[in-house]
Every structure is written in C-alpha cells, then in structure tokens.
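Note that chain A is present in both complexes that follow, paired respectively with chain B and with chain C.
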Partner chain A sequence: MRREAPQKLSDYGPLLFPAGMLIVFFVIPFATMIAVSFFKRDPAGFYSTAFVFDNYARFLSLFFGKVLGFSLFLAIAVAICCILLAVPFTYLLSRASRRTQVVWLVGLLSVLSLSEVIIGFAWSTLFSRTAGITNLLVAIGLMSQPVALNPSLGAVLTAMVYQALPYTVLVLYPALVRLDPTLTEAARTLGASPIKSFFTVVVPALRNTIMATLIMVFIFALGSYLLPQILGRPQHWTLSVLITDQAIYQSNMPFAAAMAVFLVLVTLALVGLTLLAGRKGEAA
Partner chain B sequence: MSGLALQNITKEFGTFTAVKNVSLTVPHGTFVCLLGPSGCGKTTLMRMIAGLDLPTGGAIKLDDADITRVPTHKRDLGMVFQSLALFPHLTVGENIAYSLRIRGVGKEDQKKRVDELLSMIHLSGYADRPVAKLSGGQRQRVAIARALAISPKLFLLDEPLSALDAKLREAMQVELRQLQQRLGITTIVVTHDQREAMTMADTVVVMNSGEIRQAAAPVEIYRRPADTFVADFIGMTNLIDFTADSTGRAHALGSPIEGLAVPGGLSRGVLSVRPEDVHLTAPGHGAMAGRVTFVRDLGGTIETFVEAGGKQIVAVSMPHARPDVTVGQDVGIKLSPDTCVVLKS
Partner chain C sequence: MRDILNAKMSRRGVLGAGAAGVSLLAMPSILRAQEKSLKIGVYGGYFKDSFDKNIFPEFTKATGIAVESVAEPTGEAWLVQLEQAARAGQAPADVSMMSQVAMLKGQATELWAPLDTGKIKNASNLLDRFVNKYPDGRVAGIGAVAWYITLVTNTDVYKEAPDSWAAFWDPANADKLGLLALVSNSFLLEVTAKTFMGGTNALDTEEGILKTFEKLAEVKPNVALWYRDEAQFEQALKSGEIPMGQYYHDVTGLAAADGHPVRSTFPKEGGIQDSGCWALSRASNKVEEAHVFIDYMSQPAIQAILSRKVGTAPTVKRELLDLTDAEFAAVSSDIEPIVPRYDLYQTKSDWLNQKWTELIVG
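What follows is the complex of A and B.
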C-alpha cells in the first residue's frame, strides 16, 4: 500500500495526542532531571536552584568508576546469557507443533507477570542453605551437605537472566517464525548437518534481529536495582542501586540525577557504537 | 544398476496416506518429471528422495546402495526449492560456494568452481552481488548453480520455475534440459505444469492421490494414456463413453465407429480422442451428428465446440484447415479408429 507524505500542517493532526503524551510524561521529566543534575543540594531541605558541576565532579572517582564498570559488565553478561539461551530455544520452539508453542509462550508470559521483588525473594529461597536447591542435590547424593549459593554474582546473574529471558524469547519469536524453513532444508541438501546449518544459516540470517535483541536486554538489565541488592554483596551493586540510594535514602536528588544522566549518556554511546560496528560489518 | 530406485515407497501422515506403494527406477543420466495435481504426493515423494522426510515403508536405493535412512547432508545431492531458498545473508558467489565451504574445500578451488558455474549460467561477474539485487530468472539460475556446485549424483528440483512469468519459464525449461544433457546428471523435477514436463523429460511420471498412474516417454503419455485420469490431465482430450456389441463393434454418440477394435470382453468403456484428431465434415454419410455451439479462434489454432449426443466435443484445427462452420450449424463428426484410445471407464 502506497501512502502519501503529509502535505498540510493539519495532516499531522493525528500525531498531536501521542506527541503530547510523550512531552508530558517523558520529555518534561527528563528535562527536569537534567536541570536538577546541575542544582545544588540543600542539606537542610531538598535542593536549591543553581548551575554547578559539583555533582558530576563528585562522580568522577575511582569508586563510581568501578560501579559503572560493574553495571555495564553485568548488563552485558545478562544480555549475552539471554541470547545464548534464547536463540536456540526460540528456534526449536518455532519449529515445534502449534500446541507446544502455545503452552511455552503462555508459560513465558506468566513469568512476565511476576514482579522483580517476587523473583528476587524466590531465588534467594532457592539459593539458601536451609531450603535451597542444594538440598535436592544432597538428597540424590551429588553433594555431601547443603550450601548457600547467595549472595553471589552467580545468584544475581541467574535471577536477572530469569527475569529478562521471556522478553528475549518474545522479541526473537516473530523473526524466527518468519524465517523460511526451506533455508535450513536447503543447507542440509547442500551438505550441512542440522547443527552446522543452524550456525551457518539461521544465526547469520538473523544477525540484525539478534543484535537488536542484545541491545534491548542490555538496556533492560542496566536498570535492574532490586535483584543485585537481594541476591548480591555490596560489590555486586549496580549504578542503579546507588542512584536509588542517593535519591531516596540520602535525599541527594541533584547527585542522583547527575548519575542517571551519565548512565543514559554511556548507554547511548555503547548502543551507538554497537550499531556502527553492525553497519561496518554489513558493508564489509 | 546405477541410478535411483524407489521400491514400494509409502508415506503416511497419521491416517492420511500421501504416497502409496510407489516403485520407480530412474536410470543414470535420465531426466524424470513427477507430474500431477496439487496434493498428489509428488512433492512428498521428492522430499523422501532428498531425505527431508522419511518413508513409512519401502526402500530408496542410489547406485545400489540403500539410502533410505541416510541423513540428507550425507546423500550428495543437489536440490532446487520452490522458494529457491537462497541464503539472504550471502552474496551470489558465497551462495554457490556454500556446499564447497561446508565440505572444507580450499578458498582457491572454491573461487575457481564458482567462476566455472557462473559462466555456465551466464552470470559471470555477478559473484559479489547480494542475492536480493537479482531478477527472478537470475535468482533461479543461481539456485541451480548452487545445487550443482559439488557435481551431485542426483539433481532434484521442486516446482523450480513456478515463480517465473510464462515467457521466462518456457526459456528456462529449454535451458534446464540442455544443461542436464550437457552434464549427463540424473535429474528429477516435480511440476504440475504438463507443458514443462513434456518439454524437459525423458520420462514423465503422472501421479494422482499418492499413486503412479503412468510412467512413460512424453509422446507415449500423450498418445497412449493408460487411463482416463492421465488422458484428461495431459493436454486437452475428449472422453467419450462407448458400448460394444457382441461382435466387438463400438458405438459412441449414437453411431458405430467403423474399424475400431475393442479388446475382447469389454462391453463398455471410454474413448479418449485428442481434439486435433476430431474431424468435422458435412452432416450425414455415416458421421456422428452434432451442432456447433462455440468457435474459439486463437489465431494459431481454432477450437470448435460441438454438441453431440448430449456431450461437448472439442475439435482443434490449424488456420490453413479452418473448418467453414458457424455457431448453430449442424455438422458431422468423424473419428478415425487409430486415433481413438480405448480405456476402462
């Protein structure tokens, strides 16, 4: 279907509502946050209007640098784990019978209905010494005594992957369903084993989708602040945890805003770099 | 025997039998077309030859080796899919080289073979183009070259030309046949287009409801169809009911057909008469009586529709032998006994 480009100003009318919503609920709050990040903290009350770089200067320390580095590392690790699990899983799911697909998709959607708090506490129970999964391993004789698996990096990673995996599958699913099944059949007639055809045809043909999903999960994981606190040690706390701490418990809104703005900038830069690398790869 | 042999192949999907007890031998270097309406089991049969589906009964042998359970990627075959299934993320050259890369052939040899195949399909210099930038006919040729890269023992094509427009399709049919003869490769094509089958095949295998109805040379299929399905499916035909009296004389459309020998014991049946064998004459003189209902002048041929004995008979003639008839005119129909094929009803 061919559609004409808008000619008159009134043709943009239908856009007014979404544009208005976007301005009221996104642009204005975000602009406020940027403004607040330059304000001065008032220890007696909230903050006072000013234009200072103190908040950003305070941020430039080894401590916050380390936290930022860990946050990015954790988000990338979650994104990679999700992709490694979700791509083969979703591929097999898309080739399964209709019934199997529906059952799995309903199951995954129900995971989405769980809040981060419930996921966090459920995993902390599963990883505990007294009631955790190690008791099962002891019962079947694989371990001599139950141990606590949290707090640890592994516990944080597991819970975050668990939380992000349904999104990953749901984003990959339409692309994999649309992928022409004769492509892998053609690869097999040309001499590729099923596994080889998966890696030489399915994965490369879905390169852009996989890249986009990777970025989505990365950004999703970057915002996580409850799971690292419930399942991790203080050194596993992300920048989001510190932002929450500053904003809510220390009442230092300007500093929290500065950290948030900085996190957004770093994220944008990383996403931009990834897209640039993707485009270079395409041209080569 | 070298070549492909199908022995009592059966394929069931649940309670539905897609292919019923099919046996067929394809000698080395021959071109076979599996022809039939949609749902006749021809594609399922080809998928079993390729190993993409497993038969529920029977055996498939290639050069005397049983390959019934050999996985697809170990069968050394080349297949062109209806959708072509060119890899969208690879260039023309990479698509063609795929089977060589998978087999670990060196880069130099890959390039040499790709150049060879590209010149064979008249697309030299296209190696670095993305497949999305090709026209339909070019994509078709790339799919053929990709399937032939390893010089396979068996070349399979599933409705390969159905996506092309009519003119290009006819040209590709000729090209494909010439290519097959030059390479001497055993080739099986699935098609529902009988013109395509007649153009290319050494042997046409007509299938219906999972069974082979007739397997023979194209002209044989056309001239001596084995049953009414084959007669009706291949080209245009007139199927006329007849009865035979005790002396073996056949009567059709209310008149006897002089000189037609009906096999003993057959008291009724069907005659298949090709439209070009129906001759229109003046009424009377022992001819069957009919009335012209429609004339379709296509320029190259003229089809005359005649109603006789409650049945519509079609006669085709060339412009130089144009019958001098108009709609509503009474005519006589003459059938010569040697062009009537006697079939069981």
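What follows is the complex of A and C.
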C-alpha cells in the first residue's frame, strides 16, 4: 500500500470525526478544568468565577511535593516492574507455538475486562490475614501463623503491576513477533548464549518499543487512585487520591483542578525529557 | 388524497402547529403531567433498599405520587453533583437526604429551596435541632433521620466490648482499627476532644484544635484502614480482618441481626450523633410533591417504622412515638451523644482538611 499525502481539502474529511470527538470529549473538558483551576474557592460553599493563583500557591508546599514525588516514584516503579516481567515473557511467547500464544493472549485480554475495583478487592482478600495466601503457607508448614500482607507498598505495587501487565504485553507483542529471527540466529551462530543474544541483540533492537511502552505504563499507573487506597497506607496514597478527596469529598473543585493540571504538566515534562534523552542517545 | 394535499392551510396555522409540536417534544413533563412523581435521593445500598421496601410504596399508596428513588453517595459527593446540576438548571433528585455538613454547605450557596412549614403540618412534631434554617429564618431542611457512629468490634476477636473511645489509643490494638478517612465525616476531632480534652469546647481555638490533632496522631499506628467506602470496612469487620473501628450503629445492628460476629457499643463518652435532612434542590419544579413527601415522612408513625426497619434514630419528639423502651434503646442511647462541631466544617473546612491530610498522610 502506498501512502500519499492529502492533496485536496476533502482528503482531510475522515479526520473530522476523530477531531470532533477529541475536541468535545478532551479539549473542551480539559480547557474547562484549566479555567476552574483559577477560580476562587468559597470554603463555605462552592466556587466563584475569578482569576486567582491561590490554588496553585496552596499546592506548592513540601507536603504536596512529597505526595507528587511518591506518585511519580510509584508510577516509575510499576513501569519498570512491568517491563522487566513483560519483555522476557513476550519474547518467549512470540517464540512459542501458535496455540500457546492464542491461549496466553486470550488470558491476558480477559484480565483487561476486570475493573480496578474488582482487582483491588480481589488482591485485598488474597493479602488478608483471615483468607489470604499466607494461610496456604501455614498449611504446608512454611509459616507458623497467617499474617496480613496489606496495607503495604508491596501490595499496592503488586496489584498495579497486575493491572498494567496485560497492556504492556499487548503493546510489546507485535514488535517482538515482527522481530527478524535471523538476528538472533546470527548471534547464536557466532557463539552467543541464548541469554547473551537476548540482551545484546533483542533488547537493543527493541529499544524504541521498550521506551514507548515504559512511558505508556508510567502514564497509565500515574492515574491510579483506587488501588493505593484499598491496598496501601495513607503514605502510599497518590496525588490522584488527594485530587479525588478535594473534588468529590471537599467540594473544592478549583484546588482539585489545579492539582490535576499540575500533574499533567509534570507528566508531560517527564515524557518530554525521556524522549529528548532517547533522541540524544540515538545520536550518540 | 389530492384534496388533502391541496387543502388550504394557512401559513400561520402551519407555524402554530409546528411550534406546539416542538414544545410538546421539548417538555415531556407536559405529556405526563397527570401522573405526579418525585425523584428522591437516599444513601445507596442498604439504606435505599430499606426505603424502597418499607417506605416508598406506602407513600405512593397514600398520596398517589410515584417515587423514583436515586442512590446517592455518602459524604459531599452528592452535594457537588446537585450543585453542579443546579447551576445548569437540572435536578438529579428533587428531594435528597443530606447530612449536616452537606446541608450547611448547600445553605451557603442557597442550593436548597426554602420550605413552607405551613404546608408541612407534621413539622411541629420534630425536635428543634433537626430543623435547618437559613440565617434569615427560612427553613432549608427538615430532619429525616438521625444516626449514630459508634465503637464497633468483632465479637470473635474481642470477647468483652470496649467501653470507651480510648480503646483506639490502646497500644494493644496496633493495626486493628478501621476509621473514616475524612475529617468531615469521621468526626474524630470531636471524639478526641470529648475523650481526652474534657469536651468539644476544646476545639474553640486553633491552638486547641492543633493540640487535639496531636493527640489524634497517636492513633495512627493502630489504624489498618482509613476507609472512604463503607463496604470496604464492613466486610473487614465481619471477617475479623480489621476487628475494631468506628461505624454506623444502624448498619452494624442489622449485620449482627443477620448473624455476623459484630457488635456496636455506645462508649461512655457517647456515640457520635449525625443526622440527615430532607432538602429540596432549587432547580426542582416538584415543590408541591416535595412538601407532601416531607410532611408524610415527619409523621410519628412513619418515624417509628424507620426506627424499627431501618434502625435510625427518630427526629420527632420521643413522647409522640409508640416505640417501646427496648426499641428506642436499640436505635439510640441515654448517654449524652457527641454532637459534631458543624460550625468548624463551615468556617475552617479547608484548614481542617489540610491539617487532617497532613496528619494521616504525612
């Protein structure tokens, strides 16, 4: 198939629908949110139209800095865990028989059908003292008594990785399937061990895909607000949890909007930096 | 056929018919004007189920007004939705049950349409403290039900019921508590003040509040769960995963009646009393029906049904009710309750919220 640049104005026609949807469902709500973030908060009631920086000023404190820092740390940790698990897994999957591949992919897709709520409550049961997995360890004599594994950072991380892993695999899968098998064969012929050829040939060849996946999972994890709440202690609450508290429970829309705008800006900046670093690395 | 097509129809007639048709389509309310209805917001889950089963059908039978019940979220989430909708001239529910903090916040923005007590004869049955008024005396809301937040425990884990809120501070209870996550619905500042500072007057000054926060901070190592979602804690309490905490007296009583190993105790410092008001959104055009409904709900007989079936404490005077002493004791207590300092959540809400978040997250 040959791709041609659009010649006439009417060639842009097919773009109208997605563009319209994007404007109605993303650009307009986002612009509203930015506008609201400058509105004046009325603590006794709601908010009034104004142009003030109070909401941003309140956010710029050590406390919120720490919460933001933790949210970013958590999202990066989830992204790295997902990549570490998914790249070798998907590589092996792409070398497996057609049948095995289909079974695994269907299984992964079915995980996607679970909502965050179900994932959260399921893991909280698995990690509980009364019904959780430690009871199995007690039964086979590895532990003397069952313990609660949540609330803890490990519990939050596990559930978030579980939630993001199918996306990671599904994004990596096409690239790995298309990877030229002669590359690894050449490496093996030249005497590299399978593990060595994986790290020196497969991983570098997939550098861009891995980077893009990393960014996708990072952004996906940054928005998580239910899992840290169900499985974590208050110090594991992400900025998204506090945004929800402000918007839903404190009826402080302007402050919630300001925090959300700030989160988006920081995310964009981080993604920009990553891409920039990637380009520099390629040029070198 | 041709005659019909050629029939003379004046230009004015066509325009008129068109306009009438359009306005009919635009205002479906006219089409079903003969059927009176009311959208009523009550807390979703067990509360709404009880109302749907025990209250609304009887109301429709008595008044001919059909009820569409709407499940509303607890806390201020519903207030935010009503407020946003009212700004756009919409009312997701005509009448809603609102907690005190939400009532007061709604009053600040005139969200609640003033009620005419002349049309609500039974309003005189109510205890004065359950009638919410605007500063100029207009009535903003009429007490629907009162409820208590008490000290709850799992009976398998705690054979003896604790008798004081001080149990929350006991180092023996490390990682055993489930507490409400927000300053404005947990009322733990009031509990701390009443238990350790001699009363909620300790919260009169900012210094007093900060000292109370300091005392409250000591409870943190004991807390396994700060919950926003009630189901989350209720489940953990029933299974004994989190065997102690604060929870609603009515729902706990029902769970115990269902055979779950839980109990609700009024501590010697008193349970936390909160109440819900019926309030009418200013965007609603069902003013008449709303008054009929609120009047109906304020009858002593209906309040007694609520106490028996839903487990809430009545908002009408005790002497008007036919509740037995045992029935009354099941939903209330003679111990002086801890009454939340609602004024603080209006005047200092953001400051309190900031300090609270720093306390539990920091």
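As a working rule, the second predicted complex is superposed on the first by the 275 of 284 C-alpha atoms of A that agree within 3 Å, B and C clash if a C-alpha of one lies under 4 Å from a C-alpha of the other, contacts with A are read in each partner's own complex, and residues count from 1 in each chain.
What we mean here is this: contacts are C-beta pairs under 8 Å (C-beta built on N, C-alpha and C of every residue); 3 or more make two chains touch, one makes a residue touch a chain.
Remember, predicted model here, so these are calculated numbers, not experimental data.
Chemist: Quick check on the superposition: with chain A as the shared anchor, is it clash or fit for chain B versus chain C?
Modeler: On the superposed model, which is not a single observed complex, chain B and chain C fit side by side.
Chemist: Once chain A of both complexes is superposed, is A:Arg207 in touch with chain B (first), chain C (second), both, or neither?
Modeler: first
Chemist: Tell me the contact category for A:Ala247 with respect to chain B and chain C: first, second, both or neither.
Modeler: In the superposed model, A:Ala247 contacts chain C only, not chain B.
Chemist: Tell me which partner A:Asp180 touches in the superposition: chain B (first), chain C (second), both or neither.
Modeler: First partner only, chain B.
Chemist: Go through the superposed model and pick first if A:Val169 touches only chain B, second if only chain C, both, or neither.
Modeler: In the superposed model, A:Val169 contacts neither chain B nor chain C.
Chemist: On the chain A superposition, what angle, as a multiple of 10 degrees, is formed at chain A by the C-alpha centres of chain B and chain C?
Modeler: 150
Chemist: In the superposed arrangement, which partner chain does A:Gln235 touch: chain B (first), chain C (second), both, or neither?
Modeler: The answer is second: A:Gln235 touches chain C but not chain B.
Chemist: Comparing chain C with chain B, which touches more residues belonging to chain A?
Modeler: C
Chemist: Taking the superposition as given, tell me the minimum C-alpha spacing from chain B to chain C, whole angstrom.
Modeler: Across the overlay, chain B reaches chain C at a minimum of 46 Å between C-alpha atoms.
Chemist: Identify the overlap between the chain B-contacting and the chain C-contacting residues of chain A.
Modeler: In chain A, no position sits in both the chain B and chain C interfaces.
Chemist: Per the contact definition, I'd like the list of chain A residues that touch chain B in the complex.
Modeler: Of all residues in chain A, those touching chain B are 180, 182-183, 185-194, 196-197, 200-201, 204-205, 207.
Chemist: What does chain B use to touch chain A in their complex?
Modeler: That would be residues 50-52, 71-79, 81-83, 85, 87-90, 98-99, 102-103, 146-147, 149-150, 156 of chain B.
Chemist: Which bits of chain A are touching chain C when the two form their complex?
Modeler: Those in contact with chain C are residues 41-46, 58, 63, 66-67, 121, 128-131, 148, 151, 229-230, 234-235, 237, 242, 245, 247-253.
Chemist: Can you check the complex and tell me which residues of chain C touch chain A?
Modeler: Checking each residue of chain C against chain A gives 73, 75-77, 79-80, 83, 104-105, 108-109, 175, 181-182, 184-185, 224-226, 228, 232, 236, 239-241, 346-350, 353-354, 357-358, 360-362.
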